[in-house]
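Chain IDs A, B and C follow the sequence of writing; residue 1 opens each chain.
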Amino acid sequence: MAVYERSYHGYDGELTGTGNRILVISKFATRELFRSRMFCAFFAICFVPSVSFLIAIYLRYNLEMLTELQIPIDEIFIIDAGFFINFLQYPQASLSFLLALVVGPGMISPDLRDNAMPLYLSRALTKTDYLLGKLLVLVVLLSLITWVPAVLLFFIHAYLGPEGWLVDNLQLPFAFIVTSFAWIFTLSLTALALSAWIKWKQVAQITFFGFFVMSSALGEAVREIFGGWLGSAFSAFDSYAVLISYAANEPVPISMPPSVAIMNMLVLSALATALIFQRIRAKEVA
Amino acid sequence: MNAVTYPQDNPHLWFTQLRAIIGIELGRVLFTSRATAIYVVAAVPIILLTTVGYIDNPRTGGPITGNIANARYAFAVIYAGFLLGTMVFLGSASLFISLFRGEILDRSLHYYLLSPVRREILAAGKYLAGLIASIGLFGTVTLVCYLLLYLPYGVSQMMSDFSSGPAARELTLYLLTTVFACIGYGAVFLLLGLFFRNPIFPILVLIGWELMHFILPPALKMISVVHYLKGIMPPQPWRGPIAVVMASPPAAVCMLALTGLTAVALILTVLRLKRIELRYTDS
Amino acid sequence: MTRGNDAIEISGVSKFYGEVLGVNRVDLTVMPGITGLVGPNGSGKSTLMNLIAGLLTPTKGTISILGLTNREPQLLYQHIGYCAQVDSFPPRMTGRQFLINYLRVHGFDKRSAAHLAHEALTRVSLLATADRRIDGYSKGMRQRIKLAQSICHQPRVMVLDEPLNGLDPMARAEIIDLFLELATGGAHILVSSHILHEVDLISDRVVFLSNGYVVAEGDVQGIQGEIKHHPIQIRICSEAAPVIAARVFDLPDVVEARLHDDRRNVFVRTRNADRFFLAFNQMIMDHPWTIEAVSPVDESVEAVYQYLVADEPVSQ
């Protein structure tokens, strides 16, 4: 076929940066998530503890009638570092685990199952870009229910509470942010690794749940036999509890050294990352 | 066209079909890469107890558990919290849910539905295959783990405990508990796999139900598998989610009740199977 | 075991997925032979096939296959073979194992199952690779093993959803011969396809679906004849084509005459083909023209499809 006009030219205009491309993946993944009303409802429920703790802080400093009734508020209602640690460690750690359970396993598996990976990786996207795009969704969502409300509650209490409390406890927000990110990355990368290796989201969810439950149960069994902190080394929840307390300069509830807790999370995250990169491929290798 | 002659629809045919279904399903659940997770779960307590058996207490130089009574106590804790509460529960969930839900996800259930097999036989075949796999695997793990208790104490201690001590009775009760746990949880998870597109949520509800069973009113307690399992197990220490808080019925009653609960779950499975519509979508 | 009934009866069948229509008010009787199911994507072909195969239950209406319904699966599925569009198989099975295992579920003993499997594999030319795992099959081989699975128990009704997908031309020809052989033996074969000229080639009857409705059914010529308001196109090949093009407007019901660039063919559109042929015969006798060929151009599935289901592009 003769070519005579040569009027076709490839696109040579401006291209967006890598960051924008990563955000495109995150945007569409998030949009898919919020299409589900069940998910929206569940995500809303994740804020209930934050609101409850906020009300508790407000009531602590605004219920004059309790003082008039001579109820010793200062003794029964203590808002200190432990208050915020309990907030992160109990309701929010569980809710963030459930959120990762709902969101994480469905991030990568559909792309692999439906052969969308070559479509992603044949664009100007690296494997790292793809992973970051998916990871960002989990990091943002989990941040919104962990360190973000914790830091907000801290500053609200600093405003309402006694003078000098802020300066005396300035290490707390940093502790919340750092430890929460460690927890978020551990959960997210584990969920993404399972999503990358297990074809079906439902099975990946059960495996994610089973992994954490089993490791906790195993830790309990080891603790029962060997005593000491060795059993806690198997539990991601215990590692998180140790890290928060240590970072907040509070008494650590479990005798496990913080270095062990950090190593746990690092090793799990590194292993998960390696597993993810092994699966993110543009083509099947037999 | 030369039509083949089909066997008559009678118990002999049903048995042939049952055997065929069990054979296919055992291959699927035990000998594919998906079974890896279950084998890993099953290996963990064996590795743990083997380690316990070989490691000496650094202070005393003797076994970590101290004496055989402590070892049996430790096993009771491990059995309740890990073997039963995690391995059997989650292992059964993985195994039995995949029997129907896994095939729907794999888009291969239509091969069964398009076969001239009664839905009762199909449900029974899948259930029995899951049961054989789970009892075989988890029963073996329970047996091996119990015997591993005697690793630091020697064969003579083991023989003595089995011949004149409590070991034989204890082990029998643990094995029976494992068997009936597989029977009860298996039927429930088989049903959940058919009813729910995403079984994780009913699993979470079931875990909550089993964990909180001791505060449920008696009528609701009757639909809790762990309530009956407690009646079969050897007496448990006050620990973990399967703690004895209120008295369970006698073991024989518990076994009968679990069988009844299983039968109800299987009947519901068959009824669901008769109405199932297959429309393979991404969800 | 039939109950004296040799047809697939579909009466007033509708299937809704919530508010989304699958098929609506479908009335069909499918007799032995090959029936082609034609329609664009989303027209309801797979829904109708799944309904016939019993994998779906109609929202309204009834379906009976040789007098049986899906309330008795142990009887019905002795007589139905289904080749689904989905390309999925149980894991870790060879082709032969796949056939034998499900034949055993049918109730056949080991020897019969092995024999039937062997026959089916031979028919679809997959014997050489029968002992290889299906995971390692090419697309064409996967399609053939699906076909083998649908015919191995020698059913009287075969519901085949795009059975020629992924097959090379040689394999397509072999499979088409197989369908023709089975149909000649009295089987009911229901085939859906986008390849219209193949549907034309093999089908005794065609059912056209569009937006969940049956818009036409029957043999192609019959359908064309029924479409009275749509002019039929006729090709006349002659050295005198330019003259004929001018003169045909004298004939009744002619609405268009188009001379081909080669000036040897003229395409005439007429509202009434029978009357046109009678009148044209008379015209030929009155003139010294040598007519090389006269043939209807629209008597193909594609032409009817284009007219009835005009919105969707036809894939070739």
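Quick note on the criterion: contacts are C-beta pairs under 8 Å (C-beta built on N, C-alpha and C of every residue); 3 or more make two chains touch, one makes a residue touch a chain.
This one's a predicted model, so the numbers in the text were calculated from it and none came from an experiment.
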- Grab the C-alpha centre of each chain and report whichever is closest to the global C-alpha centre. B
- With chain centres defined as mean CA positions, report which chain is farthest from chain C. A
- Could you find the two chains linked by the most C-beta contact pairs? B-C
- Whole-Å separation of chain centres (CA-atom averages), chain A against chain B: 32
- Item | Centroid spacing, where centroids are CA-atom means, of chain B and chain C in whole angstrom | 49
- Message: Between chain A and chain C, what distance separates the C-alpha centroids? Give it in angstrom.
- Response: 54
- Query: For chain B, what residues touch not just one other chain but two or more?
  - Reply: 34
- In the complex, chain C touches chain B at residues 17, 50, 53-57, 73-78, 80-82, 84, 86, 88-92, 101-102, 104-109, 112, 116, 149, 153-154, 156, 182, 185-187
- Query: Residues of chain B touching chain A in their complex?
  - Reply: 34, 37, 41, 44-45, 48, 52, 64-65, 74, 77-78, 81-82, 85-87, 90, 93-94, 97-98, 101-102, 105, 197-200, 203-204, 239-240, 282
- Could you please specify the touching residues of chain A with respect to chain B in the complex? 101, 110, 114, 199-203, 205-207, 209-210, 213-214, 217-218, 220-222, 224-226
- Query: Of all residues in chain B, which touch chain C in the complex?
  - Reply: 1-4, 6-7, 9, 13, 16-17, 19-21, 23-24, 27-28, 31-32, 34, 103, 106-108, 110-119, 275, 277-280
